[in-house]
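Which chain is which? They are A, B, C and D, in the order written, and residues in each are numbered from 1.
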């Protein structure tokens, strides 16, 4: 087993947390977890198809980053996008309905698991191809700057967060966009979810320099690494990066050290990752860890947490019911949405 | 208005639309300080500043994707491909995102963007700079593809493309930038989806576009002297094809010659012929004649290069053969 | 030999050729430790080691270019596109270098390489993973394009492709990997440039390839019961097309239906129809019927997805209409 | 005018030079210079067409690197390729004939200025598109390693040098290839000819971190900067990099600080570069500088240098005569060389 990287020190005390925020973060992480578990169940029951990539284990990243942003900020994801969509505010039922291919899905059943979109929630996608979301996110960030500096809209201070994996950081688009973002000081967060694997390719076998956050340095951009299993640690670096971006100081590269608790997709036999490695990371479950923290800090009691979980369980069940009952797209609309005029 | 060169007609189109709509901006290599390799954005940098006339690093795939993101969030980017061939590096962004994203998102986003620049076979520019790219892009769903051919249509079409709410691939021809024409003083638009009947005639329908329009017209001059009366249609819109105009002509002439600079295999001509087969087979008195460039990378040597593309003489011969000999 | 699954037939082809020629190697994402997303390279890593079964970073454009460089200098790379769609990121290397470099270099270099992997519309994989890419690549000069469709031809064609001294784009279909067939015990090759007459018949010529071969055969079962006698040709070689075989059939049946999964606009069918127009127009008793998938990104929803591609029922109806009604 | 970067110190004395080597380097640089001047003349006289990119000013790079390699090593260039081809040993007459589009050209008249190839001289091209030569060069380097380690050919120690400009280092292929080269320890030199401009785009306007050699650091690869106007300085870093590559220690990124004395191509009005900048760099002409050095070090006298120049002038004139007299390609061979069988 590869030696794990030493985690950067983080003292939660340095970032005081209100009870409301604590519960909000908890709820979002629980939602992510329960939603994905339900997806696995539904996939095996033949309710959803294709490649379905679950997010279990990485919840601290989505919650930590997106909940440090404003609702009018932009989020850009990959094929592993369900939980980013949820954190961004897309209702669980619309995500679930999308996975069921229903007209009520956030992409009206046309997109599926790897193509979640919601203009209403500034969710730019759902990109099934590696790295292609990075330039798109850059475009949203450019747009903010353009509105402010070329159109004189002082209120245009939206920040964009772009999520992608360790494997993606070997793709040219990553570097091309780091350069442009730094060059033009665009308000963007490049959030690398380094879960150590790209399908069956161990990170160290794919890159000559595994510490991804360091790559920022040669673009004149701050790069930070953070324990991606600790929602408060992620939240803190995200808040700082968002603040920098919001005030026009430019982009930040954030490398979150995390792990996926399931195979790459529900079709992946997941035979290459060692048991020892999986166990070591499972022991660091971000959800359990945050639970303990909330209890220890007296930010919540068992009862409260339980009721959150119950509520979320209901939300997820309701999402399934909604998805089940929703209509399929109308076959007559096969050609709708090719052009803008078909809105 | 005085005589206007084609590149200046394009420049005017961009200038007018940027003036009209603050969300319109240009990006690409050397569009700013340098004014564009073919001067299409000359001096616009001074007028509109560095964000609206954005000099990009040489990173085609990413700046194209960036334009997609900007379009999704409400801007109207115009990408200049310094040479359209360079955008082969952006094929993924053009196909998967510019072309397909709106549909795949179930209509969540629209992507109003123009991707424009010089294509076609130049004068001994060599294989990579003398490409016929419409063949590669024509199957991409969601893209509109337009080819301009005169200063007048260049200006009117580009203005329409900028106002269109969909991604438009806009081909200029590297050897037509210095064409001259008197342009109207008033503002005008040319619709993106209408073919242009350049010459009415009755013998045969010649379908062509871009630079080949001019080769055809050159041939037609001689053909007229010989008493031939061909109808010449400049397709303008390569996708979707304007089958109303094409069909009307075929129903009149019953004979068709396609003259294209595109690669023969899988080119625009192939789709035209297949569509004519689908729609107007019974109107045809003879097989459609396909004059395309050769299926080879464009050679540098001048003689081989001329042999690669269709020459006016071949067009003349084709018409003669088809009309006079009634083959 | 026992019944062999298509993915294993491909695996055998690679294994045999790697054994035979030490310059043959495989590269791509997850081809090594993981054994390939569709198990086509399973266990080859253990047998041949990490250089001959090279796990690459996710950098399609560069590892494709790297294969071009390796081929120019005497190796015989086989690129696996985990999904062929991912190679849209490598469009420039495939078109300008794999396809064109030999010509542009005036014959200095040859580029023996195979680019293979799954394409086509899968089962609810969504737009980007369900692409019909042959349309995008068919105009590239210098490329050979092949589509396999059975375990037997998959193995024999892949072996031929690996031995070919030219770049071959080799399409597998994501839904055919588990087809089974008894394969011969002895070594065999299938020529890259020959279409396969799958069923001899006299009523109508059905031209098809890849997965649609099986849809056609399904339709034919019912059609036979009704007394129809279609000739079914699997094109195998999408570029160049085998017009000898196609022509012989047309001269016999005088009626043609093209059944493809490709995009309609600018697809392989378009080129086939255009070429038939060029060569066999007078043999046709009716327009060629073009059954292609719809010109839309493949929707995720299962019902919309089925509507996107051609279904056996439509093929039956087309034959009935064309043959019985003599339209 | 942008502040010029401080040049790294280099003491020629540290790299003793024989008289023979000195003259060989001089000859190669003179050949590069005279050849290009002749090209300009021929272009304006309508003998060659298309985009012609001359190399004047950058000769120390081509000569310094390629003459530090063996003839069986590989060279990969861009559209600015004439002089790389010459240094690699392609006869001037075959390069000139190519520019004239003749059958005797190194690409048989099919390629032209931006597409010079010579299998015989291991010249991989002439690539007209930015960056696309880098992966191809990587492939040649991979091939060397493959022959050695997978095919057991101990003699397979060929090194590949890949040339490209500052502007190209913002393209994804550059980064993708740095990573793979370092990851697999491939025998390759990435030689950046930083001439401060990419057509009309000043380097600092295109990149967030203008010191290109530093980018190597985040790939775990040595990166060095060198005075690209000093052939001996270039030669020394090249020799070290070649030695490393040859012995299996992997790639090196070499950033040569240089300048082109002419416009981007012969079609470029070259209006953006300041007079002051041009003059400052012209004063550092690598050819003149090396002449002075040879004289100072008594490695040659005026006479010898003059006779070299004379000989090269004759070579270049002979190349023109050869090109003029050579036949055009046979029109019947329009389709030849599409496939390998047409050899």
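Here, a residue touches a chain if its C-beta (ideal position, glycine included) is under 8 Å from a C-beta of that chain, and two chains touch if they have at least 3 such contacts.
Predicted model, so just to flag it, every value in this text is computed and none were measured.
Peer 1: Would you identify the chain whose Cα-based centre sits farthest away from the centre of subunit C?
Peer 2: Taking each chain's C-alpha mean as its centre, the farthest from subunit C is D.
Peer 1: When A-B is set beside B-D, which has more C-beta pairs in contact?
Peer 2: A-B
Peer 1: Suppose each chain is reduced to the average of its Cα coordinates; what separation in Å results between subunit A and subunit D?
Peer 2: 45
Peer 1: In whole angstrom, what separates the CA-based centres of subunit A and subunit B?
Peer 2: Measuring from centre to centre gives 41 Å for this pair.
Peer 1: Averaging only over C-alpha atoms, locate the centres of subunit B and subunit C and give their separation in whole Å.
Peer 2: 30
Peer 1: What whole-number Å value describes the gap between the mean CA coordinates of subunit B and subunit D?
Peer 2: 37
Peer 1: Of all the residues in subunit B, which ones touch at least 2 other chains?
Peer 2: Correct list: 56-57, 59, 61-62, 85, 88-89, 92, 96, 103-104, 126-128, 141-142, 295-297, 299.
Peer 1: Among the residues of subunit D, which are close enough to touch at least two other chains?
Peer 2: Expected reply: 107, 109-111, 115, 127, 129, 170-173, 176, 179, 183, 205-207, 338.
Peer 1: For a test of understanding, state which residues of subunit D touch subunit A in their complex under the given definition.
Peer 2: Going through subunit D, the ones touching subunit A are 170-176, 178-179, 182-183, 205-209, 214-215, 217-221.
Peer 1: In their complex, what parts of subunit A are in touch with subunit B?
Peer 2: By the definition above, subunit A touches subunit B via 74, 76, 105-111, 115, 117-119, 124-127, 129, 132, 134-143, 145-146, 149-151, 172-173, 176-177, 179-180, 183, 336-343.
Peer 1: Flag every residue of subunit D that touches subunit B in the complex, lowest number first.
Peer 2: Those in contact with subunit B are residues 49-51, 98, 101-102, 107, 109-115, 127-131, 167-168, 170-172, 198-202, 205-207, 272, 328-329, 331, 334-335, 338.
Peer 1: Hey, which residues of subunit C end up touching subunit B in the complex?
Peer 2: Touch list, subunit C to subunit B: 61, 85, 88-89, 91-92, 95-96, 99-100, 103-104, 126-128, 132, 135-142, 239, 262-263, 265-271, 273-275, 277-278, 281-282, 286-288, 290, 295-297, 299.
Peer 1: Looking at the complex, which residues from subunit B come into contact with subunit D?
Peer 2: 29-30, 33-34, 37, 55-59, 61-62, 85-86, 88-89, 122-129, 294-297, 299-304, 307-308
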